[in-house]
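So that you can tell them apart, the chains are marked A, B, C, D and E in the order they are listed, and the count of residues begins at 1 in each.
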Amino acid sequence: MIKSLSTEDTLENSGLSAEEQQLFCNARPKAYEPYPIKAVEDFANWARANSLWILAFGTGCGAIELRPLMTARFDANRFGVAGRPTPRQSSVFVIGGYASVKTLKRIIRSYEQMQGPKFVICLGICPVNGGMYFDSYNTINQFDLYLPVDLYITGCMPRPEVLVAGIMELQKKIKQGRCDGANRYVENFDWYKANQKKVIKNWDMPDYNW
Amino acid sequence: MVAAFFTDVMLQPLGIYVLALGAGFLVPLFDRAHRGSAMLVFMGSLAGMVAIAALNLYAIINGAAVIDIETAGIAPPFAINLRFGLFEGGVVLAVNIAALLGAWHYLPSLKQHASALLLYLILVMGINGMVMTRDLFNLFIFIEITSIATYALIGMERTGTVLAAGFKYIIATSVATAFFLLGTIFIYYQVGTLNIDDIISHGALIHGPIGLIATLFVLTSLLIELKPYPANGWGLDVYETANSGIASLISVGVSAGVFFALFKLLPLMDAYLDSIAVVAGATFLLSNIIGLKQHNAKRLLGYSSIGQMGLLTLALVLLEQLDAGAQIALVVGGLFVNHLLAKAGLFWLAGIVDRTNIKDWASIARRPELLILLGLMFAALIGLPPFPGFWAKWELVMLLGSADQYGWILLVLLGSLLEAAYLFRWFSHARKRDDELTEHVCSFWQPAPVAIAAALLVAIGFGMAGTMDLDVPAMFLPLLAGFGLWLIDGLPARVKQLAMLLAVAAGGYWLTQELTGINQLFSYLLVAGGLLISIATIYRNDVRNGFYPLLAVLLLSLAALLRASTTLEFFFSWELMTLSSYLLITLARAGIKPALAYLLFSLGSAYFIFAGFAAAFASTGSILLADLGNVSSPGLVFSLLAAGFVIKMGGFGVHIWLPDAYAEADDDFTAMLSAVVSKAGIFGLVIIAAQLGIRSDIGLDPAYVLGWIGILTATFGALMAVFQEDIKRLVAYSSMGQLGYIVTGVALMSHLGWVSALYLTVNHFLFKGILFLSIAGIVLRTNERLMYKMGGLIKNMPVTFVFTMIAIIAMSGVPPLTGFGGKWMLFNALMEKGWYWIAALAFFSSAVAFLYMFRLLQTVFLGQRKLEHAKLREAPAILLVPQVVMIAAIMAISAYPKLLLDPLSAAINPWIANTLVWDGFALQTHYGYWNAPLIMAIVGGVWMVPLIILLLVSLTMKIQKVEQFNIVYAAERPHRPEDTHFAYNFFAHYDRAIGFLVRPRATAFWNAVIEWSHTLGSSLRVFYNGNGQTYALFILMYFVAMVLFNGGLGS
Amino acid sequence: MSLIADTPISLIVLCSGLALVLIGLWGMLTQRNMIRMIVGFSLTDTGVHMVMVSIGYVTGGTAPIINDAVPIAEAASRVVDPVPSALVLTAIVIGLGVTAVMLSVAIRIYKARRTLMIDECTESKW
Amino acid sequence: MNELTNRLKVDFDASEITERKPGLTTLKVAKDKAETLIRELRDREGFTHLNFMTCIDYIEDGIFTLVYMLHNYEQKQTLGIHVDIGRDGEEMVSIHHLWAQAWTYQRELREAYGIRFPGSPRLDEDFVLEGWDQIPPMRREFDTQKFSEERFGHREGRQSEVPRDHMKVTLYPNRGGDEQ
Amino acid sequence: MIAEWTGKIANFALTLLIVTAYGLFMTAFIERIIAKVQGRIGIPYWQPVINILKNFFKRTAVSHGYMFYLGPVFRIAGGIGTLAFIPVIYGSETFSNFSMAGDLFLVIYFMFFGQLGMALGAGESGHPYSAIGIARGLSQMTAYEVPFALAVISIVIQYDTLSITEIVAAQQGGWQNWTVFTNWVATLAAMLAFLGMTGYSPFDIFLAPQEIPIGPPTEFHSAYLSFMSLNRALFGATKLVLFMNLFFGGATGLIELMIKTWLIYMVAIVVGVAFPRFRVDQAIRFFFKIPTLIGIMSIVYAQMMLTS
């Protein structure tokens, strides 16, 4: 009934003690193929595009720009956008501006707990090149080193209008089937993991947070 | 010549005196020569006394004439004469046996002084004289001989305490005998003779103030010698301090003599029977209340002894009043022998164990033979079967019932309950293994006299059973099986288990093969079901001393209960079941304390039933169960019996024994208690409902009250289960709640109500059996009972989880499993009857039940697994086997309830006309319909279709099986399973909302009852201040009070 | 004087016997010393014996010896009842025995605890 | 306030008493008298509130200046206590027994500057920087840009401007940048 | 025989489709009404369908164990089964479903089926929030069941039957025969219970996103979540149908059904929009006070009606 991965595809989970290792799944993530039938895949993409559930996780100063989205003025509900409080059910992760190392750890964990297909929107300039925090000892400079990004919305800060525009852009991209961030993450998993571990020094979690 | 002397004198009752005096003089002589030979003479003479008494009694029983001995060949009244009749013979034999065994026990102390041997012999002779003499003055002399011998024996001690107690004793008894002498001489003054027979035949001559004073003096002195409350402190002091050998002889021997003297003189006391009854009754009840406060072992025995003498006197007087002379032998004789042997045995045991405080009796916890003796003696004293006391009390209460003396019944039963309370509290102390206490050491032979007394008790009890209207082989089969299994208790566990199963199977089949109707249904449930669950006991391989014999007794007594055709048989089996289940609970590690509560409530329940049977007997004069229906006051009988059964089932308010007993009993035995033993109460309830409840003239009221009790039990059982942390307590409360529905169903007194009650009964057996066996497996593996210390066990014990889940669905009443049918029928029956409020509460409580059911599954099987539980294995297969059978039964009944409903209906049809209407597979009632097979099919269908769809969808996804910490945790990670498992105080919010409903008020109430009775006990015993003068004053005041109470000098 | 003279001797004995009984009881109940209590008991005992003797006395009767002086037919009315006297003998013996045991116990108590006060011997109670 | 500062000057050798603005005064006190002074202020003078605790790195003088900012609600006065301690592993008395929340500041100071406060709870736990493996980042000898580029990388194409110059060019091109 | 049952099953499938679609539509419709109140446009009508499809189109999933897997199956089986035992449209053979299998009592008890299975599934996820949510939800359920049970008993007394079909039949012949007019007390009690049953504010603490992340379904996603969303639409509509049958005269046609159920639903919506959320113990206490009293009164009322 439940397919489990073969054992050779396991991760080391060296950040965990031996006792903890049995409490976390150590399987390596796997990429998924598009549906074999093109029409089905297109239809699926259309559905995904029109039902964007944003993870309610405000990661930086940009989180404040997400709130007006749901108000009467912008009403992102029209586009099928809704907030979900749990990563398991969300499909879009909006990185709200700068990400400190401490937050990055939580971002990675939450991202990995989302189920594919999943999409990442980076808000503001900081995830692109560090922005005004370019020389900070605690803020990452390039977000795409750590997670695959599907869409950047730059500015410091971008207003909700831009965010709406960005969401529509993302929908377009999804419908075209070009948003394969989740698969990219899996395919370049070791590279991403190495980058993540380079900045996150107290890696006390499994290598992949299922 | 010698031979003639031998047959003419020695073998005659007079030989007792010859032996006593002869040996008395010989012993010091031999003692000079050789200590051992003196012992031989001493014991030989005592044995000779026993033999003489036995031979003569045997002759009399076989039709020989009553032996009258006339001194110097002169006929009374001109000379003293002795009589050896049936009663005298019995008492003399019993006393001499007790004296012989007592001497055996007492020998190590006795043999230090040759004179002590002499005194002992004289004491015994004095008692014999008190019994046999027919002369009033001679009686006085024998009393004094006995007293002087007793004083001297006490005075042999050199401890100040004993001597002080002895002095008080002397003062008190000498005052009493002075009055006796005065009374005697006044009687002589009026009647002109001292021969008791003549006095009685000329009773009319005793008249006027002098006559009154004379008889009252005689009577009161005898009563004082029997130590009535409150003028008995001197006796208690002697019991407490004196050597156990003396104490036992005073308690049973001297008292027996005095009691028999009272019996002889009773025809003179016709006018005072009421006062004697009041005095005796008060003594019985109050001594037992005071006993609650007592922790000194021998003093406690003293209270018990005084109480028992009170009971004996009460029984004697009441029978006299009821003109039931024919039963005196059975009732008074039974109580007498019971008291004699049991009390003497207990005093000897107290001497052997030699621990002053009963709390220190834990020193014998590892001495099973002493424990068994202690338990047997206690059971005998309280009047549990098969001891003589049981039969005597039965007969007594039946007689009292038939005379409408309900007040006395209440007193007798209440006193017995109180006595049970302190005696079994003592037993609990003795059972409690306390490693700090040094173990008791005694030689193998030391308890032998006690053992012989116990054997005699059992034998006499068995003998008495033969005289009762009883199917002896069937009723004693459980005991026999238990005894047989006890003999092989030393064998390996597997052998014992097999033997037990075989014995129960064979015995149960033999006992229940001919049953029909409801009894047959219950025999499947109790015997076959009990057997099924006892298969699970194989999962334990340890020794479990006593477990298997007791289990066999329990199960077979249940079978015997079903077979019972008379109220006596029913009560006999009921008490046997109570006792064996009590002992089984005490076998568990922490079961001793809860077991005491279990026993006391069970005895309370049994006494209600007892009283109910007495009331029924009063009305119909028949002890046939089938005649219960003919009683003229069905309301009373029904209420008494129902109260008894409801207590046994843990009804609302009297449930406090239930959770503790269930929780602390051995895990496999808890399953038995809940699934099987609790059904005995239902059986009783159904039986009386069938006999009494459906009668039109009973009125709705008792049944309606019963309905409310049932539903309140259900509601509060469910509510209390919600807040339990202990898994077994949770299920125990749940059990209580489920039984509540059954009570309500029975109370409905309609066909549908009964069908639902029986259906629920079967269902309860099935799911509670599964649940408790599952829990046994869980507890075995985790070694935990607190649910918040478990969690996530579904990974280790998937089979147990599935079984538990099915059991819980069957319990909850969610379609399509069995629970729904029961709830549906119950609801329909309630609506038909118009009991809407009860229906609403039933609905509410079944909703509340979801809370604890979910909690059970969630906190034990789901959620986070603890690290230390990672390697647990599935429960042992032998625990799962019975569960599989029961699951199969649940499934079969769910899919095709007609399978069960038809026999149920058929069993009920003789009592109430069938109202089950079948339309194809659908059962129809006035209100609705229920098509179980169709429901099963639809639910199966609607369950399978989404499952298949989900499986198909799953094919398109990559599904990863994850571990327990792979959860969304607000972007953090869990650190310990303990932190992450939501289980402790699971329904805290519910507690905040309506927790005030379930504050332990019933427990508080019963604690207050305990507190009150202890306070009462301590305020009643203020008279015993230890001052001999005060005691003497009480005695004097007692005389004054007796005179004033009986008309004083003015009449 | 005539009052006493007219009163039958048995009544005087009876009354004094009863008075002795009461005095003895009073002594037993008020005197804390055990020896004094035993004395009280002795008084009571003696009182009882006197009562017994008084019961059998027939005013102006003779000794219960059936001979020519007393014909059998009149024996019942003229002779003093011998039985109470016989009983008194036995009772005195028994009373003696009891008193002796009492005294010996008292002596032993004194040996064991150096006191004869009954209210100091109250350790076993309740 | 003057009265108070004068008294402090006498009793505690307080120096550099400066009224920065109405209601805000700072003073400097020796390290060994600091805790007594703060306790006195809290218990006797009504400075019941600890606004914050921070530290200034005077690398040139080789000292850290700890700043305890206290507030008196009744007089609406804020008092800054400056305490100089050595930069090299010198310890400071903890004041978490005066204000329970002080341990948070002290934990932060330990993480950012490496100052130790013996006895302060949870002092060595990570505060903001999880798994920090360098010298404390707020010490001025720590080159944060170099560290940032080494660890977090540097995306090419980025252009940094001095904000003032950039604003002159982009926002106010006409003014010629001489309005100051 | 076989043909008959095939026909029944086909009819039921049709009903199921219609009721589910109606439930989904209703969800969107209500959302849009709320949006209008807030000055927004709101979701498109097909948004619930898209959400469900989107979740079916998820390509990865995690599983916590077999009970986790079966939880949604139990849940939707509970929804479908409940519908199966309710006659949807009075007098229509097509829409009578399998109501011959059991009566009102069966329906009420079968409602627990899905909840129990769901609770177990959520429990196996090992998430503490799931357990907390279920504990709260179940507690609240015991509370609102009380007025509901009392109201049900009241109407059973009134109509002297447990059969839903007969209850509906008794209400035919004009609006004045509806329970809401003949036994308004019971209806009031039941409608108060209905507020709790729907899980809208003020009784939504057990699954409100703001309290504990959405309570029991925290760990559910992809196809599991689709099943649960489907069930939410279906089960919501089924409960509406049940209430309509019991208290509002049932329906003789699809249009009547939609209007009536929509109006019943609006009660919960209006209350939900207007009132803030109760804590769970407050909610329990609330149901044990006024609604229970009304429920008790409804039985007295029904008894009086019977005797008069």
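In this text, a residue touches a chain if its C-beta (ideal position, glycine included) is under 8 Å from a C-beta of that chain, and two chains touch if they have at least 3 such contacts.
None of the values given here were measured: they were computed from a predicted structure.
Within the contact network of the assembly, the step distance from chain C to chain D comes to 3. Hopping across touching chains, the smallest step count from chain B to chain C is 1. The chains touching chain A as well as chain D do not exist; no chain touches both.
Distance from chain E peaks, on a Cα-centroid basis, for C. With centres computed as the average of Cα coordinates, no chain lies farther from chain B than D.
Between the interfaces A-B and A-E, more contacting C-beta pairs are found at A-E. The distance from the centre of chain C to the centre of chain E, each centre being the mean of the chain's C-alpha atoms, comes to 99 Å. The distance from the centre of chain A to the centre of chain E, with each centre set as the mean of the Cα atoms, comes to 36 Å.
Computed from the mean C-alpha positions, the centre of chain B lies at a distance of 54 Å from the centre of chain E.
Here the spacing of chain B and chain D, counted between their Cα centres, is 80 Å. Residue positions 1-2, 25, 30, 32, 86, 88, 210 of chain A are each in touch with at least two other chains. Residues of chain B in contact with at least two other chains: 954, 956-962, 964-966, 968.
None of the residues of chain D touches two or more other chains. Every pair of chains meeting the contact definition is listed here: A-B, A-D, A-E, B-C, B-E. Per the touch definition, chain A reaches chain E in the complex via residues 1-2, 25, 29-30, 32, 44, 47-48, 50-51, 53, 56, 71-72, 75, 77-78, 80, 83-86, 88-89, 91, 115-117, 182, 210. Listed in rising order, the residues of chain A touching chain B in the complex are 1-5, 19-20, 22-25, 27, 30, 32, 35, 57, 86-88, 106-107, 109-110, 113, 204-205, 209-210. Taken together, the chain E residues at the contact with chain B in this complex read 56, 58-67, 69-70, 72-74, 76-77, 80-81, 84-85, 98, 100-106, 109-110, 112-113, 115-116, 119-120, 123-128, 131-132, 134-136, 138-139, 141-143, 145-146, 149-150, 153, 156-157, 160-163, 213, 218-219, 222-224, 227, 279-282, 284-285, 288, 295, 299, 303. Put simply, chain B touches chain E in their complex at residues 792, 794-795, 798, 801, 805, 809, 812-815, 820, 823-824, 827-828, 831, 836-837, 839-840, 843-844, 847-848, 850-851, 853-855, 857-859, 861-864, 922, 926-931, 934-935, 938-939, 942-943, 945-947, 950, 953-954, 956-962, 964-970, 980-983, 986-987, 989-990, 992-994.
On the side of chain C, the complex with chain B involves touching residues 21, 25, 28-30, 32, 34, 37, 41, 44-45, 48, 51-52, 55, 83-84, 87, 90-91, 94, 97-98, 101-102, 104-106, 108-109, 111-113, 118-119, 121-126.
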